[in-house]
Structure formats: structure tokens, C-alpha cells
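Letters A, B, C, D, E, F and G name the chains as they come in the text, with residue numbers starting at 1 for each one.
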Amino acid sequence: MNQWKNFSKGFIRENAVFVLFLGLCPTLGVTSTAINGLGMGLATTFVLFMSNIVVSLIKSLIPNKVRIPTYIVVIASFVTIVELTMQAYLPTLFEQLGLFIPLIVVNCVILGRAEAFASKNNLLTSAIDGLGMGLGFAFALTLLGAVREILGSGSLFGLKFIAGDGILLFILPPGAFLALGYLIVIMNKIKEKTT
Amino acid sequence: MNSTILITVITLSAIGMAAALILYFVARKFRVHEDPRIDEVEEVLPAANCGGCGYPGCRNFAEALVKSDSFEGLFCPVGGNEVMAKVAEILGREAVTQAPLVAVVRCNGSPGHRPKTSVYDGPVTCAIAHALYTGESDCPYGCLGYGDCVEACTFDAMYMDPKTNLPVVIDNKCTACGACVEACPRDIIELRKKNPKDRKIFVCCINEEKGAVARKNCKVACIGCGACVKVCPFDAITLENNLAYIDAEKCRLCRKCSPVCPTNSILEINFPEKKMVVKGQEKKDAKEGSGKEEKVAASGSEQKESGEESKKDKESNSSNK
Amino acid sequence: MEYVIIIISAVFVNNIVLTRFLGICPFIGVSSRVSTALGMSGAVAFVMTIATLVTYLLQVYILNPFGIAFMQTITFILVIASLVQLVEIILKKVSPPLYQALGIFLPLITTNCAILGVAILAQQNEYNLLESVVFGIANAIGFGLALILFSGIREHLSMVNVPKAMQGVPIAFIVAGLLAMAFMGFAGIV
Amino acid sequence: MAEMIEHTGIVREIGPEGMKVRILSEPACSACHAREICGSGNSREKEITIREWQGNFHPGEQVQVMITESLGLKALFYSYILPFLLVLLCLVVLTAGGTREWLAGILSLSVLVPYYLILYVLRKRIDRVFSFSVSRFT
Amino acid sequence: MLKTFAKGGVHPPENKLSASRPIESLPLPQTVSIPLSQHIGAPPAPLVQKNDQVKTGQLIARGEGFVSASIHSSVTGKVVKLEEVMDAGGYRRPAVTIQVGEDEWMPEIDTSPGLIKEFDLSGKDIIEKVKEAGIVGMGGATFPSHVKMSVPRGKKAELLIINGVECEPWLTSDHRLMLEKGEELLVGIRLIMKALQVEKALIGIENNKPDAIEHLSGLCLGEKGISVVPLKVKYPQGGEKQLIKALTAREVPSGGLPIDVATVVHNVGTAFAVYEAVQKKKPLIERVVTVTGPSVKKPCNFLVRTGTPVSHLIEAAGGLPDDTGKIVSGGPMMGKALNSLQVPVTKGTSGILILPESMSVRKPVLPCIRCSRCIFVCPMGLEPYLLMTLSEKKMTEKMEKEHVMDCIECGSCSYICPSNRPLLDYIRLGKAQVNQLIRSRKK
Amino acid sequence: MDKLLRVSYSPHIHGENSVPRLMWGVIASLVPAFVLSVLYFGLGAILVTATSVLSCVLFEYLIQRFIMKVPPTVNDGSAVVTGVLLAFCLPATIPLWLVALGALVAIGVGKMSFGGLGSNPFNPALVGRVFLFISFPVQLTSWPLPMGFKTKLVDAATGATPLGVIKEGLLNNQQVPPLMDDIPSHMQLFYGNMNGSMGEVAAMALLLGFIYMVVKKIIPPVIPLTILGTVFVFTGILWLANPESNADPLFHLLTGGVMLGAIYMATDYVTSPMTKKGMVVFGVGIGVITVLIRRFGSYPEGVQFAILIMNAFVPLINSWFKPKRFGEEVQHG
Amino acid sequence: MAKKESTLLNMVLTLLVVTAVASTALGFVYEFTKGPIAAAREAKRISAIEQVLPEFDNNPGSEVKALAMDGDSVYLYTGRKDGEWVGTAVQTFSKQGFSGYIWLMVGFLPDGTIHNIVVLEHKETPGLGDKMEQEKSFDKKTGKSWSSQFFGKHPDNFQLMVTKDGGDVDAITASTISSRAYCDAVNRAYQAFKEGGNQ
């Protein structure tokens, strides 16, 4: 497989959020600002990348029937690692993301990739797939975060560019749904145009 | 070793083991091992999820293909033989080929041919107009022209020709899924065998009324005179209920029938102009035919107004030269 | 009173789907059948109760005393995943027709995300055992409420001509957004 | 006519125990790669045994399996709601009675054991209640 | 408070222009085409052949089977064609076309004007005579009347209801009949009562026909068991279920027949036809037809022989107005639009309504705004907006569950809808789909 | 015959009602309220209403024309109604760009995303209004004093609405009876002499509009009556139980958006139930939620949320409360 | 797909190995991050105390006094420089916020004057109530935040109530409720300070 294609598919064509509609809970839950979205996205990317590597490495050693539990353990371990390191070195971000860091475990994207991709492909391909899908996920989260932040508080990555407040609704829960809804429509249009 | 690590290892191993055992049993109980070939088969299916195969989705069809021992009754009309061959390859089986079909509209009652006798003022759907009355002409068999068939086609393979007010099938887009056949309340559309270069000869009428009545209502109606039946060298034409029908299986595209039809209701489509073909054949026929030929061509092109079709016409013409 | 507050808060004010964003996948994917929504919240209530119960015991009597609370995520997910499936195995063994009937009736088996989320939230809120369980139930109800309302609206939408570009997931999100907006009216009620 | 819940399936075999029908996953789910672990899909294969039916079916045929909505709700009640209520009740009673928390927790969980035992004992009767009907796929 | 049915209904402008015009006999046309299927049920086979000479009232097709009706020649003359002619839907149906000659009636028919009150026939004989005369319901449904008079075993009729409601706007044929043939009508009612073995009959008449109410009430004074009940004007009071509800407060159960609540409903025209058939031995070969419309020069009530082409009636009413857009056979709410003037009058034709272009163009359809008006006016308690959508989306089973088959096709919903939605069009389509489904299930 | 006849199914005649006619009827009934609001709030009322209506119509036109690519249907009048009602629940001094934004959300999100007239599950005007309320609480809670044409367009003297005064007081552990002294009398409330959004202040004018619509058979009176009745009864019970911390029921009826909401917003055909039974349930629901929010929630006013929440229930109500079918139960009279 | 046959033994072994490896790794990561996590947690409180008190050189975290008030606890941290009391930081709360608890750290000078206030935690609406956080309402021109009005005031002669209720505090625009809660929390801190803050 063309590795570049393999890597880039996660951004638009097979984007986990906009196209496959996976991992929606964190997508909505943490994207009140772009930086949160990016943080969450990168954390997920890390887990996805690492677990894809590990799964791909050990795939031939795992008896078929304990596949899923093994994957869960692997993924959960990486999640815990992320959790602990974030807590230690990025405490503010950790607080913002809160519940959704442990919930990376159940993010369908990760297990789905492990099961459907890494368990069938070689190390490099799996790693690149993990990286691509993860960064695509991060891209989606950052984009949504950016949109919400720009509309909601008139700033981007914390830099304010309008005086006063934005449209508050967008940083509140309803805004997450609305912004994502319209983003999906726009992304669909883009996808249609490009393919 | 550090005690926390020890406890960690012990607890997690314990929990992990317990969980794993449970999950193991679950796996054994539930996860009927999915045949990986299902995925492969699904890959080659067109993913149109149109239901043309009779299954709710392509994946379900893939499952059915893998699970069943033969291909009997299993055919993807959208992918056609090509796809079925691929599937057969994956499954290591003999492919069944099915002659490719294409939808054909068997009515040529454009306003020029079929006088309008009333104005329909109800909802724009053939189903309702059909239930209400004969439609805007007096032909109770003819196309109503409200495009239920076009609406039903999920492949954009049909459109209503604004000039003739008749639906047109774009041959290379049509997958023979049969949705239009289902949709037409008058059973005008038929799935017919696809011939090379999309050539077709068929009786473009389904009117079963007596000749005089039929003719009064539509100039290009089949009046059941039987001339074509007599002229067909292959016994491909049958006459029933005042209506001729060309059996596509038997028809060899010899084009003898269409010139003899007094109402021009036999259409030839995508054939090169008569002269070319005729050259090597009986000269007499050519001479006779030349009088009617224009008409035939006219009615043919009238139905196939689309640019695509006429382009094709040209192509096949030039290639024949 | 404590319990009433937990319930009202979880159902209306901090609805699990509409403001906490958990269990979005089933919310988006589930059918437009009201009874299915009811069924899902019933099943989720059971699973959540059991899950919060077990994870509570695990956390308070194993993880905390041994000082390995950081193992929360990994142990919880293992326990929850296996519990849910254990219930299924048992059901299938105990009464196959019952199990089969459920199989047709409910599209769900687990909504891991919501169950893990609620189990962790119960810990974060430092609820005691009973409160944790009530919290679980309340969230199941909240989940059901959102789902039922949504199934109704979905049915309505299947009857009107939603623009093609909006159909499916986008419109579901718009509805969820407007629903969440309406639910903001409950702010401060507890 | 009672509300019916329908599901598409394929007849797998017809044997002495009845007709076994494999339930197909929803088209939307079937195309998704994450279905194996996704909570909400019909990821797992399910097989339904039908004991009584009318008409001729043959293996490989596509059918609709149906139960009434009320039967579905009843199944839900026996498999989830009732045990749930039992656990809750037990928990409330025990905590109110001052039992220590961990004990109360474990005891109320263990209520499920006799519950499922009873279900097991009664399975014949339950079997009779839950019957499915099939019809040809239209 | 006047009686009426409980739920729904509309009140379109009445426009009974021809109410004061006495019934005139229409001169015979040159040819008549008598369709062989003028009723619900199987069409009978013709007994005559081409070039046969027939007399007025002669049997030309015998109704075979129970639900069928005989057809008689309405004129004297020569059979010129046994071919299909266009029916009101444009479809060709078998018919007997007769070149009209000197009007010569079958000898046994009593053509004298005198009123014959007395009869001593048994119920069975009456039904037999009704059947022989080819009488079908003249209220529009053209259901063979003898069937309705033969109460099925296990059921009992208690009450005969005579439908003099004529709730359709514009139409006045029943109204005139009640005014001009009141006495004959009452004899007819007595005959039907005898056939049904009931003691009581009610004549329901809407309050916009005070003269008819007064006239018939007067006549009824001497009649035991027959009384006239004035009703509030509300469409579709003439629908038998609504009429029964209005008069007796009984509700015919969903999917049931009037006989399920021990009643039988007949139209006044039917009762009059029964009188003529039994007392005068005259088969059903003519009926009263209203020809009317806003631009019609001379709105009239004609006594017309069956088979007469509609164009002949229109000529007699002053010719086709220039602004004609639509011609309706029957009333504006339930009638059928004609696509040709050559369509013959049949036993069920109660009126010819000529609508100008301005009234006949349907307005553009807007989306349903869920205003509930269709629900409020539906006399059957259905949800037309929902049924239409279901029909559009081909959700046949759901439609069945929503009781689409209960719809009596009164058109109140389409009439009222502010979005001009063609509700009834789609509901009819839906009913056909459901019918198919039911039939396929029986297979 | 040369002229072709028209053919269609029956019925061949049609009643007089049409969507534009109904919509313009609603608008006509809103005239008294508009006149009063101009009297109270001056030029601002005119500007806000005009902006709102124009933006609604414009956005609907643009969206239909350029995004959905369907023939625009702005002349059915529904966008005008949305515009007027959106304006009526805004303060008269609100910046006009906010009005336009609200209109965009009302039409774009609330209506057109679902396919336009008849498809939207939530009341568009309220979607716009709640969107603004949540996004710009400062501007949306700055209520000008009713000073007629003396009302300044910006930086007008503002004050809390009567409901706001009560809520504030209660949160501050004050009691209701003394708070009532700061509030205009019931009679004044009835005339609309109070702080509030421009259309909702004058109960009198709204009732007039209500009567007009009922007489003209534009709406059945069920929904408004049940809402007002429920609010009256529920607040009445609270008041009788504890007059110290609850205002009297009449006060609750006359203040805030209850009148406007009950008469115009809850009656929107598209977003309200289809049967009388359903309407009663809907109305009671709105009444109860309104009072709950007013009394126990953070916001002084709850009608807007109550209506939106009940809008979400409408599809369920519609499938649970069917009209009674003829012949459903055998009736032997 | 991994086509390894499953036997009970290899399954159990696999899982054992996987969990063991995983947990060992986690244990090490935990050990490694334990310190930084604790430090990060502490840092937040310390930095708050540092912000609200004048310079000090002791560890206020070691001199904590907890007072039960209104159903929750208020904590007092004493700050000293060269052994001398320079002020007390009071970790206080209010339940009257627009949405739930508000936690503040209020620094008092020994005489009871408010030195500075930091918001520790709150759930008020972004853009409204959250202006109580200094950085959210910081005005570059004046160099002041909304909470600046409290600094240097003594609660005995500065009415800790919003002006609407007759106090001296100008409420945050459109957030009277949050402002009121803020005052309530500061008030509580002052009560606590009076009760237990004096050395």
C-alpha cells in the first residue's frame, strides 16, 4: 500500500470524526477551545500510534480468542501512561480534559484500528496508519475546537482578537453539537468535491 | 522490586486473568468466527447498498454469497458478471454468468404521436394518474410521463426527455436493478438482454387494444397486424392480444422487421445507418427500406434525445465505415 | 433529598448525553423506535448499576487501600467489559429464548463509553455506595430520556424532506444541539 | 395489530429443534469496521430458534423474524429490569439496615445468583412465552 | 339543536342553483351506449347481438351471481355496436350501443302516471323484483340493492334509513325527487321495509331543504313507522356511517357494515326505483340527473335514460359554457372528473357539474404545516396528513396500522388543507397499496 | 371539442384557507401588540421589528435560493411571522446586528436546516431567541424602561423585569410581599407598563390578538388556555402554600413571556401537537415547566425553554395521542 | 489475521504475560510520575497562596487549620517571613454560585485587610461569571480586574455586598449572582479569619 495514502486517509477520506463518526464523545466533550482539542487529539494519537505498534508486533503471538482482552489491556496501559504523564507535566490541560482522558480507552477508533488494521498489517504500515488516523482525529478535534473558540470567545489558541466576548453558546454544550453538525456538512461537501 | 509495582502486577494480573477468562468464554460463545472472505467479497461488491440483489445491504449479500454453496439465485445486478467473476475467484467457485440486461422503455407516445385529450391536474406521479384514468392521452397503456421510474432509479440512469415527455435510459449507467420496472404502474419498462454496442430492436409499444383504436390514440402504436411476425426469419416475434413482442433471446438483430411495421412501432437503436449494413446483404431490401429508413431513424432519435446517445450513434457509424 | 437532587441533576441539568457528552454513538445510531429507546435505558440501568457497584467496591476496597488508584482506568475497563458480557453469557445459558428476544428487541449490548464514564464520575464525585448506584440509575434515565425524545424527533424527520446534505448524522447533531439548548433552561433547578 | 419488531435474517438450518435463523446486522453497521467492538451495533452474530412457523422455508432463504413489541419489553423486564430492581432493593435494605458497605455491595450482587437460578429452573415456562414469527422477506 | 354526526365534517358553499327547477324529461338522444358494468361487482354478459332490435325496458344483460345487477335497454332501437366505450376514467368498458328509434316500451311495464299504493308481496318477492329490475344504489356507490335488502343470516335489521341528505354542494336531484315523487317514495320505503322486515324507517334530510322536509313530513303523518328527521347541514352527512351516527348515535364499527348496527341505508332515488320496479314493473333505465355549474345557462334537473351521452345533457342545459375547465360526474366533493363528453350517464350518475377554468385549477402544493385541520375535519377520525406522507413514502404496512382502509374518501381533508395538499389522492393510492398487501397476504 | 378538460381526483373544490392567509392572519392579530410596543418603547420597537422581519425574510430567501437551490417560498408569510415573533421577545434597545444574528439562527438553524416550512421540530423564533439569550445574556437582559419615544436606542435606562425583581429578591432571601412594592400594579401589568421584551409586555394587546385568531379560526384556543390555566393553578397552589416566597398567580400570568408564548409560540402549528388531547398535554407540560423554572431554576423566566422542551415531546405526543377513530368502539346509540 | 490456535494454556500464558508486562510498565511509570504529580497538585495551592499573601518564607502547607463552616471546610494557611506572621490565606467557598460551588483563596494581612484573592475553582458561565477570575477581566489600560476592587479593603469598613443589595461591591455585568456568591465566599473567609486566623 502506498504509505502516503495510508497516512493521509485519516484526514479527510476516512476521517474518524467527520466520515466514520467514531469517537464522538471526546470530540464533543473537550473541544471548547482549540488547544484542548489539540491536546486531546495528540493524547489519542499517542495511544493509537503506540497500541497499533504493539498490537502489530505481538499479533502473531496472541491466540485468537484472547485478542480483544489483550488489546484492551495494551490500550488501557497506554492510556494510563498518558494519564499519569499529563497529570504530572500538564496538570492544567489534564484538568480541562478531565474524564475524557480515561475514556480514550473506549474510543472506538483505537480498538477498531487495532482489530481491523494493526492485527492484519505489518509494523510500519500499522504505525503509519495509527499516526495518520490519530493525527486525522487530532485535526478534527482541533478544527472543531478552533471553530468553537473563534465563535465562542473570539480567540484562537488563547489569543484574543476581538474585544469582549464571542457567541457564548458555542463554548457551551449545545454549541458543540451545532458546530460539529455543520462541520460535518461542510466536510462532506469538501469530500464530494475532492473525490 | 518496589512494593507498589508488585501490588500493581498482582492486582492487574488477577483482574486481567478473570476478565480474560470471561471474555474468552464470551468469544467462544458469541463470536461465531467471521469468515474473512466476507470482507474480501464485500470489497469487490459495488457498495451501492441498493438492494438490487434482494438483500438489505452489500455486506449481507456478501455473507450470503460466502455462506451458500452455489451462486444459485445470487446475483449482483449492479456489478454484473464482472463482479460476480471476482467473487467467484475469491470463493474459488465457478461463476454463473447472467446475460447483462438493460432497461428499455416500451412506449414511444411523444406528443407528436399521441394526441393529448385532457389535462391532468393531480399530483405529479404516475401511480396516481394511472389509478385515476388513462392519462392525458386516450391510450390506457402508454407512458404517463410523470417520471416515477426516473425517481426510482438510484443510479441516475434515467431522465425525462422534455421534448418527448418520455423517460430515457442511459444505457451505460443502467445497472438493470429493476427499480424502474417496479415503479412503473403501467409495466412499460422491460429489462432486456444487452446487445453489443447497446443495439436494440424492440416493439416500442405495449398497447393491447384493437388496431383501429390503438392507432387512433397513438400514431406509433402496435396495431397487431402481424407483418413483422411473418418477416422474422428466426421466429423471434410473437403476437398476442393485438401486440407483437420480440424475444430478445431469439432476436439476432437482423433488422428485417422494423421496415415492415406500418406504424413504425419497432425501434432500432444504436445501429449504423441502414445503407452501410445493407450493402453486403439483399439489395432489394435496401431499396425498399430506404423509404422508411428516415422515419425509423427519426423515431429512434426522437426517443434518444440525449447527447450521449447521439454521440454514440455517430461513433458506431464511423467505426462501421 | 440527596438522592432526589442526584437524580434531577443527572436527568435534566447535567444530562449524560446532552451536557456530558457520553454515549453519543448510540444516540446518533439508534433507531427511531420509542420502545427501543425505553429498552436501552432499561438495560443500561441494569448494567450501570452493576458496573458502578463493582467498580465502587474495586476502587474503595482494593485500589485505594493498596495505593494503586492510578490503575483505575485499566481495571475499570476490564471489569466493565467482562461484566457486561458475563451477564450475556449467563442470560444465554439460563434462558436462550429470553436472550434471543432481547437480541431482536435491542440493538445495544454495551455503551462502554457511558458506563465507564459514569463509573469514573461516581468516583470523582466521591459518592458512597448507594449514591453511586443512584447516580448510575439516574444517568440511565437521562440517557433514556434523551434517546426517547430523539427517537420521536427522528421519526418526525423521516416524514419530512430534510435537505439531502443535512440528512443523517448532521441533522441528528443539530437536533441534539437544540435539545441541549432547551435543556439549559433547567440550569440551577437543583 | 400489535406493534412488531422485525429483523432480517437468513435461515441457517431447519432441524428437529426448529428453524435456526441467523440475524443479519443492520446495513449501516455491517459496513463499519469498528462494529466488532462498537457498543451499539449488532456486532455479534445472533441465532434465533423458531419453533413454530407456517409455510415452507429453506436454508439460505432471507426472512423477517418478528416479535411483538410487548414481548420485547417483557424480555427486557425479565433480563434487566427485574434483576436490577432486586439488586437495588437489596442494596437499599442492607444499607438502611446498617450493613457495612462492602458487604452490602457483595450481598446485593450475589442476589443475582439465585435470580438466575430461578430463571434457569423456570426456563421451560419462559421458553413457551417467547416465540417468534417469521415471514418472507419482502 | 339539529342532529348531526359527532366528529369532523366541513361546510362548503351549498350552491344548490337548480333546487327550484322541476324535473324535466330529457328528449332521447340519437344513440345511447349502455355500459354493462354500472355497479360494483362483475359485469354481466350481453344477451343481445349486433343488429338486434330492442325495446325500452328489455333485458339486455342478466346479472349473474349474487353481487351483480341486470342491465335493461333504456330505449327502443337497433343494437349497432357491442364494443367497448369509454367510461368516466377513459378506460374502455364493454357496452351495448343502440341506435334510438321510436320509444316503445316493453308491454308488461306500466307506464301510466297513477300512484299504486297497495302491495301484498312477500319480502322475498320484493327482493326478487328489485333484482330483476337491476336496481343498484343510486346514492353513488351503485351497490346492487337486492344484496343490501337480503339481510345476512345471523344478523337482524331494525331500522331502515333513507338517505335524503344530498350533502354534496350543487346537486339537487334527490331534493327534487323528494318534492315531486314523495308519495311514490313512501311506497318504495314501505316495500323496502317489508323486504327487510323492519318496522321503522327514518328519512334523513339536511336542513337546507326545508320544503322537502315539510312535504315529506306531511306525507308521513299518515304512515306508521316512517318519519322525517331534519339534520344540520354538514358534509359528508350523506355518508352512510355518518348518517347512521347522526340519526341513531350508533357507530358502525371499523371495517363493518351498517347491518352490524342493525340498520340499512338506502338512497331516496333507490327507494323510488324500488317503487317503480315493484309496483310498475319498470326496470331501472332512467334517473334524475342535475346539470349545473356557475356558468351553466340553465341549471336543470333532468330525467335521463341511462346510456345518454353527457354532451346531450349539457346541450339541453344551454350548451357548454366557454370558460369550462372541468366537467365532473357527481358532486364536487366526490364526483369524478370526465375527460370526454361522450361518456354515458349510468345508474349512478347523480349530476353533471361544469366548473369554469378558474375553479378547476388546483393551487400549488405547499409542505404540510401540521395545522391539524385535516384531522379535525376527518369524519372517520383518521390522520390524513400522516396517511398521505406514508403513502408517498410507500410505507404500506404502517398505513394499514393507521387504518387507511377506514377512509370513506369524502375529501374533506383535501378540501380544508391550507397547503392545498392532495391528501385524498395519496390516500386513495395508499388504499390501493394496502389492498394489494392484504390480498397478497391471503394468498 | 377543442378545449381540453382538466382531470384530477375529487374533491374538485377547495376551501378558502391557505398558508399565506393564515400567516397574514397571525400578523394582523399582532398589530395591537406592535402598536403598544411602539408606544412604550418608541423607535427602537420599530427598528428591531423591521430588522428582524427583513433579516428573516432575506435569510430564508438567500438560503433557499443559493444553498438549498429550491424556489424561494418567502411569500408564504411564515418567515414574516417568525421575524415579528422573534422581535417581540427581544428588548427594544438590543443592538440591531444581534437581531440579525438571531434571525439567521432562527431561520438557518431552526427552520431551513430541517427543510423549511413544516419540517422543523423546534420553534424557529424561540431557537433564535434562546440562542441569543444564552450567547449574549448581558444584552438580552438589559430591559429598557417603557418611556415611549423618549426611550434611547443605546444605553437606555434599564431595569429588571418584574420576574427578575422577584427572582433576585428570592435569591437574596427577601420575601415576596415587600418586593411587590417595587413592581407596577396588576392593572399596569395588564396594560404592559413594565420592563420587558417589546412584544410580551402588553397582556391586553396579546389577549386581543388571541381573541381575533380564535374568532377567525386561525388557531384552536386549546393550547393557550391550558398553558395559562396550568400556570395559574400551579402558581396558585404555590402561592396559597407559601405567599411569602411565591408571587400570586395573576402576577405570573401577566408578567414575562407567558402570554406571548402561550398565544403565539406554543400555537405554532408546525411545532405543536395535532390532536386536541395532545394539545392539552402539551399545554400542561409547558405550564408546569415554566413555573418550575421560574420558581426553582436560575432564570427568572422559563416559557421559552418550556416551549422548546415540549417541542421535543411533540412527535411522541403525536404518536401517543391519536384522534378517536370512528367506529373504534362499537356504539349502540 | 493472527491465526494462532487458542489453547487454554497459551491463552492463560499470553494474558499473564501481557498483564504482567503492562502492569510492570505502569508501575514504573507511576513511580516515575508520582513525585511530579504530587508536586503539580501542591503547586497549584502554593501558587495561589503565594499570589494572595505578601512574601513569606515558610511552608504554609504545613501550618493548616481547618474550620467547619456551613457544611463544608474552610482552610487557613499561615504565611510567615522570618518567623513573623505576614498574613493568612483562607481557602473559602460559596454555594450560591450560578452553577455550583465557587472556591476562592483569600489572603488577609494580619490586620484583616484583604490583600489579594484568587479563584481556585468554579463552574460559572464562561464570559459571564468567570470574570471573577483575574485574568478574565483584566483590563490592560487600567491594569485592574474586577476583583481589584476588593484589594486593600478591610471587611469591617467595606460592605461585602453588591451595590444592588446595599453593599459596596460593583457586580460583574449581568452576573449579579456570581458576584454575590463571590462576596459570600470572601465574607466566609473573613469570618474564618476572625475565628482562627489570628496568631
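Rule of thumb we're sticking to: a residue touches a chain if its C-beta (ideal position, glycine included) is under 8 Å from a C-beta of that chain, and two chains touch if they have at least 3 such contacts.
Owing to the predicted nature of the structure, the values given are computational and were not obtained by experimental measurement.
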| item | value |
| --- | --- |
| Mutual neighbours - chains that touch chain D and chain E alike | B, C |
| Label of the chain whose CA centroid is most distant from the centroid of chain G | E |
| Which of C-G and B-C has more C-beta pairs touching across its chains | B-C |
| Per Cα centroids, the chain farthest from chain C | E |
| Between chain F and chain D, distance of the C-alpha-averaged centres to the nearest whole Å | 46 |
| Distance from the mean Cα position of chain B to that of chain A, given in whole angstrom | 45 |
| Between chain E and chain A, distance of the C-alpha-averaged centres to the nearest whole Å | 71 |
| Touching two or more other chains - residues of chain D | 3, 26, 28, 36, 38, 44 |
| Touching two or more other chains - residue numbers and ranges from chain G | 1, 6, 11, 15, 18-19, 22-23, 26, 30, 98-99, 125, 128 |
| Multi-chain contact sites of chain F, meaning residues that touch two or more partners | 5-9, 109, 115, 118-119, 131, 134, 137, 298 |
| Touch list for chain B against partner chain G, complex | 2, 4-6, 8-9, 11-13, 15-17, 20, 24, 36 |
| Contact set on chain C toward chain A in their complex | 18-25, 28, 70-74, 76-78, 81-82, 112-113, 116-117, 120-121, 124, 165-166, 169-174, 176-178, 180-181, 184 |
| In the complex with chain D, residue positions of chain C that touch it | 25-26, 29-30, 33, 35-36, 38-39, 42-43, 45-47, 49-50, 53-54, 56-57, 60-61, 90-91, 93-113, 128-130, 133, 137 |
| Of chain A, residues touching chain G in the complex | 32, 58-67, 69-70, 73-74, 76-77, 80-81, 84-85, 87-89, 91, 119-120, 152-153, 165-166, 168, 171-172 |
| Interface residues, chain A side, partner chain F - complex | 167-170, 172, 174, 178 |
